[in-house]
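Across the two complexes that follow, subunit A remains constant while its partner is subunit B and subsequently subunit C.
Showing the complex of A and B:
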């Protein structure tokens, strides 16, 4: 498909009627978290939009972000967004490999220099270039080289946006985010582990529609999706306001759908669109499934002091916790967990090697 | 609009979690109906942008009910356009080709724009009919 075709022409060639196009624009407005009244403006802009070239680089990542996107549920809308871009390089999805794949990246850069969108998932190791390379090129060098001709960079996932799990303490690879290395290009952080697929496509649709990056928050994330906390938009919020909390995962409060704050929910400090956009074909989101929000779209969420500790709980000394748990006659599982944590703590201090088998032993 | 103002005591179904957003939505629709009558201004509400607890969207749809008109559209997957029991209040649901909901809107207007035949489509249709007649042996 030629890059010179407009999106309107592409859809028309695919047999999409004007009605279908208007439906697509209504869904796209919703996708971009824009007021529904913007649909005609989107229709006007998208009709004339030309296919931008997209180069997607994957560094220290688990491919969860690509999985999230490619398993997104609405092929008629998000698929069309992808029809509307020219994905010229994505080493997981493209058929070519090795030298041919790298040649495709270089060709795309040359043809669209200054105009292509660079999408990055994964963090970049800085301690030793050999920790992660592609075709013998270090992640850092490939990022700096490819970013040079990009119109904008979309850092997809918490790893690319903030360093993510590779950046977690003790950060053995010296992992950094895209914005730690690139200072002279507009960068849109689409954080989340993984990000919500419609947020990824919503950002691309925004660029396609308006030819500019959306309004960003202090962490470089689109305000349209990250402007409100999970807590503010959570349907369990009224229970928080009334002081009704689940105290364990199987008590009456949990069964009645009360607030999960005391079970470690990070909703109050996490900004994302999960509570309204939802996951799995719009079915639900973690809190709706009975699990606290982990805060995965925030910087350093992995080092936040424990997923099941309430935000208001100070990070306590693990040794003391073990003593209290045993002294108080806590349930065997809890004591076991505490002993294992104590053992791990002791091992860390003494630099012992601890195996999975050691941790699974009860004594 | 008596149906809306009389629904202050919405029944709470046991086991449903509530955001309390159904009632304000119904009031928003009431105001939109007033604007449509007085100023001819249409309103579209995107239900995806509003936090609703499990069961609350169903409660809203039950409150709105079904009126005299229901239309089905087949374009990039099916769409359903149903007038509620309050004339001028339409529930528009778009599905993708796997019949999954990709958008649900409350439109307060005379008729949703998608129901109208579009100029481009009429033009294509005219060309198709002309081509058909040109090929026809009995034309």
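Showing the complex of A and C:
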């Protein structure tokens, strides 16, 4: 595929009909909460877009993000658009390795310097450069070097966006997120463990259509996909509102699809599009499969006080604290009471009778 | 810097422990101080049961009194509304019950969230009305000290922050929940050293009042 082909030409070659393409554009517009009138604009822009060069760097990660995006399901328009970008470097997916692979990265950087999109998955170790290297180059150096010529950076997955599991307590490698190291480039955080495939294609489609990064929330995530909490969009929400909760994973409540709040669901504090876009071709999402949301698209979700502990419950043993406090309080109270009694008795003893004569003598 | 999650975990853990410890120690000390001091022996011959009189008064003073209702209808009615509203939202919201269950090991059924939601709104409106009354009524204003306003603020804050956290207005939910927990922890920490102690001492004072009358064989 030549780089000079437009996306429209590439998609038609791949057998995507005009109708299928427009449907994708309409769906993307609605996903990104754009007015329906924007669909033709998206279509027009995507039609004409040249294949953007994408460099994909993988650092301290599990490849789950790449798996999510590439092995999601049978080819769709989103998948083809993803194919239609010029993925010039991705050391998991590319055939080349070693020096040849690094040469491809350097060539891509040189050819589209200032214009390529840098995708990063995985966190970056800072404690020791040797913890994670690629072709002898530390993750930190490779990121800083590659970021220099990037038009924008997409941090894919919670590790790249917020540090993820390598960053979890006690963070042995001193792992940090992309935005911890890079301050002078637009960074789009596509968090999730892994993130939803359509979210990354949506972000790319937005970038190709408008030539700018989408609106981001306070965590640098596209508002279009991370604007609503799982809880607000959850189909089990009516059960929460009615106070009907599953108490265990196999009780009647669980079987009847009641709310999983008591089982530790982090839906109320988690922002992602799972409840609307769902996974595996819209089949379901974790809560629909009967498991509480882990909050995987939020910073520090590994250290959030336990996956199976309800958000409103204490993370420490409050009952024991109260028992000790009662003991301490009782001892202190009795001691103070005894002091007060002694004071009163002493005052009573020192009490002197005063007569009118005594008072008159004082004059 | 602390992230939202770290802040929430800290507030649900160590901060809550400290708040609970201060609350429990403070309440225990203040109650025991009163109890240990004791009362003077009544040398008169008993004409009735002090215990029965005391218990009766603890119970009866929980019901509205006609004479008070006629004299201070606003204070009495709003007093009932915000106290009941406060306790309903505190005790019958499902996430709160989970908290009690994890601390005390006991549980009870929850009310539907729309009911809790409405109760919170009524409680907030009533508390605002109570404050307006305190500010506009000359006698009330004359009697009010800094602590009265502090206690009012500490009472309304958990309801308002809880309501905002439930409806997710403004900042992110972890921050909203964090603010709600902070307001509750402040309430717990200040509680034993202010008029909020009435929640416990009212039973003692009612008992003493009733017991004195009961001993003399008269109505309290």
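One rule holds in what follows: the second predicted complex is superposed on the first by the 290 of 363 C-alpha atoms of A that agree within 3 Å, B and C clash if a C-alpha of one lies under 4 Å from a C-alpha of the other, contacts with A are read in each partner's own complex, and residues count from 1 in each chain.
Simple rule for what comes next: a residue touches a chain if its C-beta (ideal position, glycine included) is under 8 Å from a C-beta of that chain, and two chains touch if they have at least 3 such contacts.
What you see is a predicted model, and the numbers here were worked out from it, not measured in a lab.
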First, second, both or neither for A:24, with subunit B first and subunit C second: first
Partner chain(s) touched by A:70 [first = subunit B, second = subunit C, both, neither]: neither
Contacts of A:276 with subunit B and subunit C, given as first, second, both or neither: first
Touched partner set for A:288, first subunit B, second subunit C, both or neither: first
Which of subunit B and subunit C A:299 touches, first, second, both or neither: second
First (subunit B), second (subunit C), both or neither touched by A:262: second
Which of subunit B and subunit C A:245 touches, first, second, both or neither: second
Contact residues common to both interfaces of subunit A (with subunit B and with subunit C): none
Residues of subunit C defined as touching subunit A within the complex: 3-6, 8-9, 12-14, 16-17, 20-21, 23-33, 35-38, 94-96, 98-99, 101-105, 109-114, 168, 171-174, 177
Interface residues, subunit B side, partner subunit A - complex: 17-20, 44-46, 48-54, 56, 73, 75-77, 79, 94, 96-98, 100-103, 105, 113-114, 118-121, 124
Subunit B-facing residues of subunit A, complex: 12, 16-20, 22-24, 26-27, 29-30, 33, 35-37, 39, 73-77, 80, 233-239, 257, 275-277, 281-282, 284, 288
Residue ranges of subunit A touching subunit C (in the complex, touch as defined): 218, 229, 232, 240-243, 245, 261-262, 268-269, 271, 298-301, 303-305, 310-316, 318-319, 321-322, 324-326, 328-330, 332-334, 336-338, 340-341, 344
